[in-house]
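To keep things clear, I will list the structure first and then write my remarks on it.
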Amino acid sequence: MTAILLLSCADQNGLVAKISNFISENNGNIVDLDEHVDSDQNMFFIRVAWRMNGFKIEKKDIYSKFQPLAEKFNAKWEINFTEQKPKLAIFVSKYDHALQEILWRNKFGEFNTEIVAIISNHPDLMGLSETYNIPFYHFPITKETKAEQEQREIELLKKMDIDLIVLARYMQILSANFVSQFPNKIINIHHSFLPAFMGGNPYKQAFERGVKMIGATSHFVTNDLDEGPIIAQDIIRITHKDSVKELVRKGRDLERLVLAKALHCFLEHRVLVHKGKTIVFE
Amino acid sequence: MTAILLLSCADQNGLVAKISNFISENNGNIVDLDEHVDSDQNMFFIRVAWRMNGFKIEKKDIYSKFQPLAEKFNAKWEINFTEQKPKLAIFVSKYDHALQEILWRNKFGEFNTEIVAIISNHPDLMGLSETYNIPFYHFPITKETKAEQEQREIELLKKMDIDLIVLARYMQILSANFVSQFPNKIINIHHSFLPAFMGGNPYKQAFERGVKMIGATSHFVTNDLDEGPIIAQDIIRITHKDSVKELVRKGRDLERLVLAKALHCFLEHRVLVHKGKTIVFE
Amino acid sequence: MTAILLLSCADQNGLVAKISNFISENNGNIVDLDEHVDSDQNMFFIRVAWRMNGFKIEKKDIYSKFQPLAEKFNAKWEINFTEQKPKLAIFVSKYDHALQEILWRNKFGEFNTEIVAIISNHPDLMGLSETYNIPFYHFPITKETKAEQEQREIELLKKMDIDLIVLARYMQILSANFVSQFPNKIINIHHSFLPAFMGGNPYKQAFERGVKMIGATSHFVTNDLDEGPIIAQDIIRITHKDSVKELVRKGRDLERLVLAKALHCFLEHRVLVHKGKTIVFE
Amino acid sequence: MTAILLLSCADQNGLVAKISNFISENNGNIVDLDEHVDSDQNMFFIRVAWRMNGFKIEKKDIYSKFQPLAEKFNAKWEINFTEQKPKLAIFVSKYDHALQEILWRNKFGEFNTEIVAIISNHPDLMGLSETYNIPFYHFPITKETKAEQEQREIELLKKMDIDLIVLARYMQILSANFVSQFPNKIINIHHSFLPAFMGGNPYKQAFERGVKMIGATSHFVTNDLDEGPIIAQDIIRITHKDSVKELVRKGRDLERLVLAKALHCFLEHRVLVHKGKTIVFE
């Protein structure tokens, strides 16, 4: 088992020394360490992973033992353990490619997660959920029922103690109330290279503008549509020969890969958020 | 010597046959042919290159001989010859990297062009022009003198019978009057993946948005800033470690390559424009 | 319905004209045409697609009507129709990712094919075949039974009139006899950027060499292992942090995409083979 | 001014703590830290950068003060300072593109280096050297004079106390004797994605194999031709349309970028070598 610390605070002398001393003095061996100093903002960010094998502090006591140090730095922090799989809920509508990709990769052991729910406003992907033995929850949504249904979703998610929500081409805009319940815990895939082509029909927008590449962007959801902190993005080249239909086909590959990458990074506790941007320790 | 036809018209049966017959009956051998049918717009686009060696029509007579056929199709067309190098004027301000790249590549024989003028609102790059023996014209521009100076530039460019103007990080916005004199004859390089980050300081905009890649876009200049038909674009990945200064450094490589690619395509007569978009026959 | 001609022959004047006349005179409208002249080898290659709607020659008569023209050129050629789906057999062993990808894409309508058989030397992927309702054939292979089992496979494939065989991480080397039965009809995916890291364990080879990128290559199978004509290849960047296990994980994405691309090109009749190399009209 | 430690040793508990304590106790502020643990080889690699402003140990004393710690770890290590520019000698023959690129980037301030010599077996690039005011040394080499001329080069390089030699398309193979004088101090650019297409004429080899991409690789020179530790590599896509001449043209861009990247990493002290492979802390 490995412990992973994610921490951010105002930059100051001795941060790495104090943190690595805490680990070293308790007989932990650091297997991975990455840090970033943002000189403009005077901020310090770090991810440290160390083996729990032989570590003198028991897992259950680590929080309380590390707490005093973190308080001295006035830090935002969390410690996770590789044996604790974050709980994931996937929101979908009718498209199956992003869901299929996540389920397939998870079966292959690529993701450090337990998928506890697939939630949809349509029943279409129930069959796929069953193939992979994941509970499927159907919450049909109309303009009238949206607030109420979201409330039921929130209750379900809270009850299941969800760590992450992934919108795998979920075709509903979440309300401000919903989003506020899960800050930096909702990841979306948008099928354009943001900030270009925000909003609906980005492939059509891209076709009409005549760009020579299309993209996909995975980002945290905030209340500003398609403006949340970006975790991963990529592009592929297109030409004048590509119709909108071809863009949709080629874009599906990107959506799958970019979402998978963002998810992989999050589940390995590699992502920090600060002032609308991410630090991704790859 | 090779002749290159670029033609567009409404789609109809027999276009390829008639065009290739014209070439074949006059004993021309096609060495390259690429066509595109846009079914939505019912448009036909073609680029055909054939060897003039053995061709029964003399170069000077080709226009008049092809004219009747083109009229039947109601086509927009041009025929160019590899031995006739398009005349190029390069606009610059103070940054030398894009200019340096063009001059260097041209010396290496990469571009089918004759560079006849380097025009600048600043004197800084005169030395570089001299190294490559290209006439340098200095047109200082203030708010008050802009209209007048542009008029002088237009006259100079017309007198030199310019085929293409490249804005190699020229830091002035050309007036609508200037642009209208050279439709689809002015190529710009913008240092972002358009349509994202239009206008000034795109690297700073990119940094502030927290994107995970930066781009460059080469496009024809129209009177809508950064909205002209896109010829080429590309990106490179960045991370949270990259400051604005690093983006500028990394972006320079992209700017040089993307502009060079657009220029190369144009000078080989591979670019057609239709309704705000390009067809690039690579 | 669209007809697609693939043709190659020695280069000579008038080829495009004669071929496009044949189409035009019979009232066909060309929707896509791409050609390539290899001046070194004096070879001509073309792909032409035209609408059969309104074409004066019936589908069943096209071969005999085009035959005389092709004979004049001494051409190698074939004509296919979009409504005729090539029949595909997929060979697998135990890894499911390449198979899963093909089945998933096919269900999504990306491939112009009918998958008629999944053939394996192991029973492991029978379940996946059943999910997609594709007949699964299990041919266990030992050193002693190889010749005999391959003979049975050949008979099955001939009986089903297979157009293409895809080796989707099939972990057996096909015998020279087998390969000779299906010239340019067997596509393999090799998990390296060929010609580097031929043979077994390419990811381990890559790790040991310390390359900064890994690749995947899809190629036609010939009797020289991993030396057949290359259809598609791509790479992704890696770093010193990537263990062999990480290379395997990252490489899977490449394998899936590169094989899918090669397959897509073949099934749209975009691939010609000449002297150990491919012409891919994308 | 920033101090940069590069260190490698057998992995053991407390390495990061001890190193960061050394810095912290002397009032240094770490601005960048990257480490890598190779569990297979039980090796530890680290790069740490800290501000010398306010650091209690003077620059001239750092070596002796750090020495005891490094000895305890039995480490291989070096400490460099940003204000000390590594001295670079560039070897060229007749091609100017790689040289031009380095000189141009250096003028632009991209490289942390002092270029002290351009050494060539041909006089062709003397003019370019003069433009940039770099001393040019001409050592014509024949089979008979090679040993003697190399000896003179070695003496010159030793006298100038060179930190790095870059072979910018130098068309001579350095002797084992020469190479042994500068272990991990000679960087070459090879115009293929190694280990494919080693040796001469890689573009021709690539063309003949029919690959769908070409590459460039920058690596340390060892006595096994094109088999030294790889620092950077990249590729671009090509098609059947590209002649060898086109590959040369397109490849030049790659060569320039990949060599520049390797050089940039080395000059910022980001490269460690261990058992034929590199760790590049980007």
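Note that the chains are named A, B, C and D in the order they appear, and that numbering of residues resets to 1 at the start of each chain.
Here is the rule we go by: a contact is a pair of C-beta atoms (placed from the backbone, for glycine too) under 8 Å apart; a residue touches a chain by one contact, two chains touch by 3 or more.
Just so you know, these numbers come straight off a predicted model, no measurement behind them.
When you average the Cα atoms of each chain and compare centres, the chain farthest from chain D turns out to be C. Comparing chain pairs A-B and A-D, the larger number of C-beta contacts belongs to A-B.
Rounded to a whole number, the gap between the C-alpha centres of chain A and chain D is 37 angstrom. Put simply, the C-alpha centre of chain A and that of chain B have 41 angstrom between them. In chain A, no position touches at least two other chains.
Chain A contributes residues 97, 100, 104, 108, 110, 131, 249, 252-253, 257 to its touches with chain C in the complex.
Interface residues of chain B, counted against chain A in their complex, comprise 36, 38, 40, 193-197, 209-213, 215, 229-235, 239-241, 243, 276-280, 282.
On the side of chain D, the complex with chain A involves touching residues 11-18, 20-21, 23-25, 27-35, 37, 39.
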